[in-house]
Amino acid sequence: MQFELTEDQRSLRETTARYLSNTVPVDQLRKLREHPAGYEEEYWRQGAELGWTSLLVPEERGGGSLSGGGLGDATLLAHEFGRHAAPGPFVPCNIAAAALGAEDPVGHGQPLCDLLAGSAVISWCFSEASPQGHRPEGLSLDVSVDGAEVVLDGVKRPVESAAQAGHLLVSGRTGGGLTQVLVPTDAPGVTLEPMQSVDLTRRFWVVRLANVRLPLDAVVGELGGAGAQVEHQLRLALVLLAAESVGAMERAFDMTVEWAFDRYSFGRPLASYQELKHRFADMKTWLEAGHAVTDSAAAAVDAGATDAAELVSVAAAFVGEYGGEMLQDCVQIHGGIGLTYEHDLHLLLRRVTLNRAILGTPSLHRRRIAELLVEQEER
Amino acid sequence: MQFELTEDQRSLRETTARYLSNTVPVDQLRKLREHPAGYEEEYWRQGAELGWTSLLVPEERGGGSLSGGGLGDATLLAHEFGRHAAPGPFVPCNIAAAALGAEDPVGHGQPLCDLLAGSAVISWCFSEASPQGHRPEGLSLDVSVDGAEVVLDGVKRPVESAAQAGHLLVSGRTGGGLTQVLVPTDAPGVTLEPMQSVDLTRRFWVVRLANVRLPLDAVVGELGGAGAQVEHQLRLALVLLAAESVGAMERAFDMTVEWAFDRYSFGRPLASYQELKHRFADMKTWLEAGHAVTDSAAAAVDAGATDAAELVSVAAAFVGEYGGEMLQDCVQIHGGIGLTYEHDLHLLLRRVTLNRAILGTPSLHRRRIAELLVEQEER
Amino acid sequence: MRNGPEDVTSFSNRARAWATADLPEADPSLYEGAFRTNLTEEQESAEIERERQLQRMFYEAGFAGVCVPREYGGLGLTPDHQRALNGALAGYEFPARIQVPTFSPCLAILLEFGTEEQKRTHVPAILRGEELWMQLLSEPGGGSDVAGALTSAVRDGDQWMLNGSKIWTTGAWWSDWSLCLARTNWDVPKHRGLTVFILPLHQPGIEIHRIEMLNGSREFCQEFLTDVIVPDSDRIGEVDKGWTVGVRWMFHERLLYESPLVTFASSVSTTFASASYSALARAAGRLDDPSAQELVGEARMLDVVAGRLQQRIGRGIGAKVLSDQAAAIPRLFKGTTSARTRTIAFELAGTTGGSWTAADGVLAERGLDYLMRQTGCIGGGTTEMARNVISERILGMPRERSLDREVPFRDVPRGPSSSPTGRLGG
Amino acid sequence: MRNGPEDVTSFSNRARAWATADLPEADPSLYEGAFRTNLTEEQESAEIERERQLQRMFYEAGFAGVCVPREYGGLGLTPDHQRALNGALAGYEFPARIQVPTFSPCLAILLEFGTEEQKRTHVPAILRGEELWMQLLSEPGGGSDVAGALTSAVRDGDQWMLNGSKIWTTGAWWSDWSLCLARTNWDVPKHRGLTVFILPLHQPGIEIHRIEMLNGSREFCQEFLTDVIVPDSDRIGEVDKGWTVGVRWMFHERLLYESPLVTFASSVSTTFASASYSALARAAGRLDDPSAQELVGEARMLDVVAGRLQQRIGRGIGAKVLSDQAAAIPRLFKGTTSARTRTIAFELAGTTGGSWTAADGVLAERGLDYLMRQTGCIGGGTTEMARNVISERILGMPRERSLDREVPFRDVPRGPSSSPTGRLGG
């Protein structure tokens, strides 16, 4: 998160922070472990009123950003979601909103409306199980046209909140290009299989589409021409995940610093042991670096800068790798208590761990960075 | 190095340790930087009298080990070479000795004699520049038969002390199998190009063999049947390099511990700073682990155990990786002075760095370990 | 009745013959890695019952307490005999779960410090599988500072009254007896006011609460002791000299499965089984991916080195070339290694590490293992403590300044009364 | 004569126009990474001469000392103007080598603490490239403890006599003037007995010895000061208050190329150029090897993050959201990053990292870089010191106990008189 926020940005962040503290305190999060959706509909609807789903949608389509940099604004919310390990399909809904909001010519007005109002959820079906299944060029789900119908065949996983979604925004392949289709979750041929997750409240499903047939107007944007849009959505999602993880890192760091001051060992506070002090110094450095690179990536995507792709993968690779190590070191400094279910640290560890694993592990993003470097050189 | 040595082993080690301290103290090592060979012939000849080249050769061929475990004994010498960053073609000469000593039916008696006496050097031409050039199955230097002659074509690098060697033991490919040939360094078609090295006294050359023709009796062992022998030689060499690196690690660790006690910062010895203490604890652990795995590998090779191949690569991968990190941390703890030429630490850093790079980096050995694991599973 | 100690070979042969004839076969993987955490209470009780029976079988067949003196029901043989027995158990059932902490450290401490009467009462019962023991050592407020125990024991004539709380006890709810470190003197520095007692776990004054770990495991317990009465005859060692016992206690604890009192099939790896690293790569379809190969190779390398290091240090301690303190070296290495290898498994699982279905086989739940990654760096003394021991006791570097060494324990700073809750709160 | 400060855009345009018209073009790689260490003394002197000329060109064209007040020959403009100038230099020659430490920290300290006379004498000379400065700060015995300086300055009327030794000065042999931290009072705690002086380097009392680093580089020097006389008028700041100056001195030192007083083409990376990581992989024939790709990606990632972190913290300090101490954060990250990226380059070089021929191109000498890997974690204050600063000054954790804080400096323990030689010896 940037050091200096506008008045609007500050209030956006604080309203959401207050709302999350009040509606989903940790005890509530623990209760939600048993909840099929992982969140209450009403919680989500009220959240939407705070702007949770509108920042990536142009004003004329019912959305609107504060600073012009919609993603930059959205990272402020993601940051708070991370700090509170908050539930709810924040990333998929924002991606769906961005996709429908960007559609030209305008279409699918009603689903977008419901999304903005928080009365409906739309999830994004992007990832596939194959090793290349987290890159647009690696997608294999087939989208073809048969007369007046568009036909989808393939499997998507993991898909967040699929069972809560009225529609699924499915990104698939049409020959050499990509196509996105808005699929009603109850369309014939769509089946959902629940997955387990490291997170307490985020739920994922395997979504199978077998000969799913829809009218052509279910297509979002241009048939076979959605490649750039999908790449853009992926960047938005990766930046939001990174920002959420940085929020979780920040909260875990704060908790652990507090613990180090309060906890005495051999008559001295933990914070007085040099070896721990130096680990805190490293963690503080990684935390600031995480903020720096995530904000840079958000700004680059908002500005459509040429280094956006690289910065996005750098943020994903760095925050994923160092965020994980940092959270684990927070656990280590807490000792056994930090591994118990009653302690809150794992709520943050889970979120960072989840975000590190979906949409491409750090390892895949390191390769992506190398790929971009080589392209750049060969240009 | 094992904790408990036999009387013979202890005296073998101590004699060499004393000899190295007296003949190649650090000032001498610095002088040798300018020496074309990196060592004095007389130094090597006298060293050979201490058993430097005989431990891997059977008694009946003029050699003999102390404990029956020739490699285990040789690691004691390698350890001292490491502690003293000692010059001289220790590894190649021992490999050549092992190869000639193992030859059956007996041949090449004279070169072996000279080698054992230290009056001549034979170097081993094994590695090639290709990515697979450090594995026997990856060798591509061509060895073919043309009438009464064996013909060699190819390039070997890096080859230690090639210019000092009267003969080169060249491992190459004959169709599906491997062949080893003892090539006079002055044979027509053999050319040497000097290389630079991170080490102060170890010298390497690129050896090019262009249509080198020799009588068939230049072949060591069986034409096309040397595969197992070459693999064995590679294991011997890797264990000796690991043992040498562990010796260098041990000496660097001792120096740095001493420094930490003597050096005061802010009125306290460095050894009183917890963060440094914990790094020393890690280093001590890596050092003991290096001893443990190297000794295990030596014992396994001596015993021809089934896990010898794995242990050898584990030793190479572990000592290479952790030895490098350990030496660098010793430099860090010394501060700027540890980066100066006048300080002795770099003599050890160089040796560990060199050994980490030749005969396969840790990265290649990690892959090799995985390969062996998969083979084992599929068996 | 054999006369004179039996030689290792013949003992080994008898053991193998017996195992083949009488022991049920078992899939080694049954015992591999961290014990399963997904058992119901009933299943777990059943397992423990089974292990008690197995222990009884060992006893009756004359293969229990190999290194335990014969006057206490043991065989009075050597660690080599124990190793021979461990070697004979490959592929057979044996009482794996009840070995630690019952046989080490508890039995070890009884043998070393127990009175004649205590030994005659408890050692045979342990060997017959009738008494399972655990250790009341760590405390909620204590962390690494074991000697800072706050559980108090107040003398009243020939008995003691204990009050306080202990934590991180494995399977207290199915154990019978326990070894307990308590404070008997608050007016002297902390190491000089401790005493060790033994007490039955299931009695009115002891409330046992099972702790849920973040992965759902409930293997650990916390105990609340309220006015627990212990006869002075159940005291171990001298009053206020408990730390002498404590030091050996922690030494035996570090030995774990290396203890000559522990019976454990040497064929069974007590770490995450290496073969499965390549199984993970295969399941992830990355067997040909060099970066996956490097991860598999690194994990395997660390496991192999950890084993060899344990051997080396064990021998060094045995041969008195190294001090007991050297046990901190393999402990540190195993801790960091287990954290790294779990991370590698998670890494190999890729996206499946974050969310999975049962159909994902070996890749499933690697994320949960990763969440618990630090277990090996915390349990049984943290890696930080191991680093202190290595630098101070082995390398002889200056001790950390502790503000609790020369002051009466009651005056030791204990930090803000408001102990941190570890809650995200508002 | 412009009246009123020129706006950034027009300044930027003028700068670009001038650069295009008057500055010789230069291959940016000329300035990239660590400066070349394989120059002969003659070549190096020639380079310095060239840089003095370039500095002179900047001065005469009115582009020197952008943020320096006009009364001292500067332009009296803002950091934004300096950034604009830096942006205009892409692809052109500029005096890169003489920027640090002459303009920062030396010039910065002169401007902050110098007397009017000192400033009028030296600042314009610096801007004209006539005076190159360096810092007599670190000492052989001092390590990280800069305030523990042993170089003494004894007052004699209106002059001082300096004796002692300084080390780690870059290019002292071709510099003209220096900033020197000396001890003027041994009877007070260390921070309260220091004073700062300025002195010409080339004078009888100063012997300059070039230090050979293990990679053959001779960029660093050690100076031996014997009865060096300095007039009191060349004192900077008050007597015994030198630490006030020292603190700012080290702050400016940490800023390095981020200082608004430093002119450096923003197009030039001051770290190992990222593009070359992929060049290494290509040269090693491993461009398609995923594990090589991961190394390339990691190295590039670290460089990018280091740059963004530097920006963020710089802005935070500028906006006073962060204290000056926060500069320790990017310093730490850059240090660890440079060690890691050099290791990656070495790793990518494979066997060629250990021995090479000139024909190996980019893969050659990667092993030498690796030997010098820790440079970035040691030079300009160690990463250990940075970690102390971050934990103590930024996170407010308890200070390390130092035995030299409240005692007279002459009584501070200095360790065994026999200072370690760092020799392998017998």
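Letters A, B, C and D mark the chains in the order given here, with residues in each chain numbered from 1 onward.
Simple rule for what comes next: a residue touches a chain if its C-beta (ideal position, glycine included) is under 8 Å from a C-beta of that chain, and two chains touch if they have at least 3 such contacts.
All figures in this text were calculated on a predicted structure; none of them were measured in a lab.
Participant: Taking each chain's centre as the mean of its C-alpha atoms, give the chain farthest from subunit A.
Facilitator: Of all the other chains, the one whose centre lies farthest from subunit A is B.
Participant: Higher C-beta contact count, A-D or B-D?
Facilitator: B-D
Participant: Can you work out the whole-Å distance between the CA centroids of subunit A and subunit B?
Facilitator: 52
Participant: Taking each chain's centre as the mean of its CA atoms, how far is subunit B from subunit D in angstrom?
Facilitator: 41
Participant: List, in ascending order, every residue of subunit D touching at least 2 other chains.
Facilitator: Each of 289-291, 293-294, 384, 387, 400-401 in subunit D touches at least two other chains.
Participant: Going by the touch rule set out above, which residues of subunit B reach two or more other chains?
Facilitator: In subunit B, 269, 273-275, 277-278, 363 touch at least two other chains.
Participant: Applying the document's contact rule, which stretches of subunit D touch subunit C when the two form their complex?
Facilitator: 289-291, 293-294, 401
Participant: Under the definition above, what is the set of subunit B residues touching subunit D in their complex?
Facilitator: Residues 21-22, 25-26, 84-85, 127, 129, 131, 133-134, 157-158, 193-199, 204, 206, 251, 255, 258-259, 262-269, 273, 275-276, 324, 328, 331-332, 334-350, 353-361, 363.
Participant: Enumerate the contact residues on subunit B facing subunit A in the complex.
Facilitator: The touching residues are 273-275, 277-278.
Participant: In the complex of these two chains, what residues of subunit A are touching subunit D?
Facilitator: For subunit A paired with subunit D, touching residues are 3-4, 257, 260-261, 269, 271-272, 274, 277-278, 280-282, 284-285, 288-289, 291-293, 295-296, 310-311, 313-314, 317-318, 363, 365-371, 373-374, 376-377.
Participant: Residue numbers of subunit D touching subunit A in their complex, please.
Facilitator: On the subunit D side, the touching residues are 274-275, 277-279, 281-282, 287, 290, 293-294, 296-298, 300-301, 304-306, 308-309, 311-313, 315-316, 319, 321-322, 329, 332-333, 384, 386-392, 394-395, 397-398, 400.
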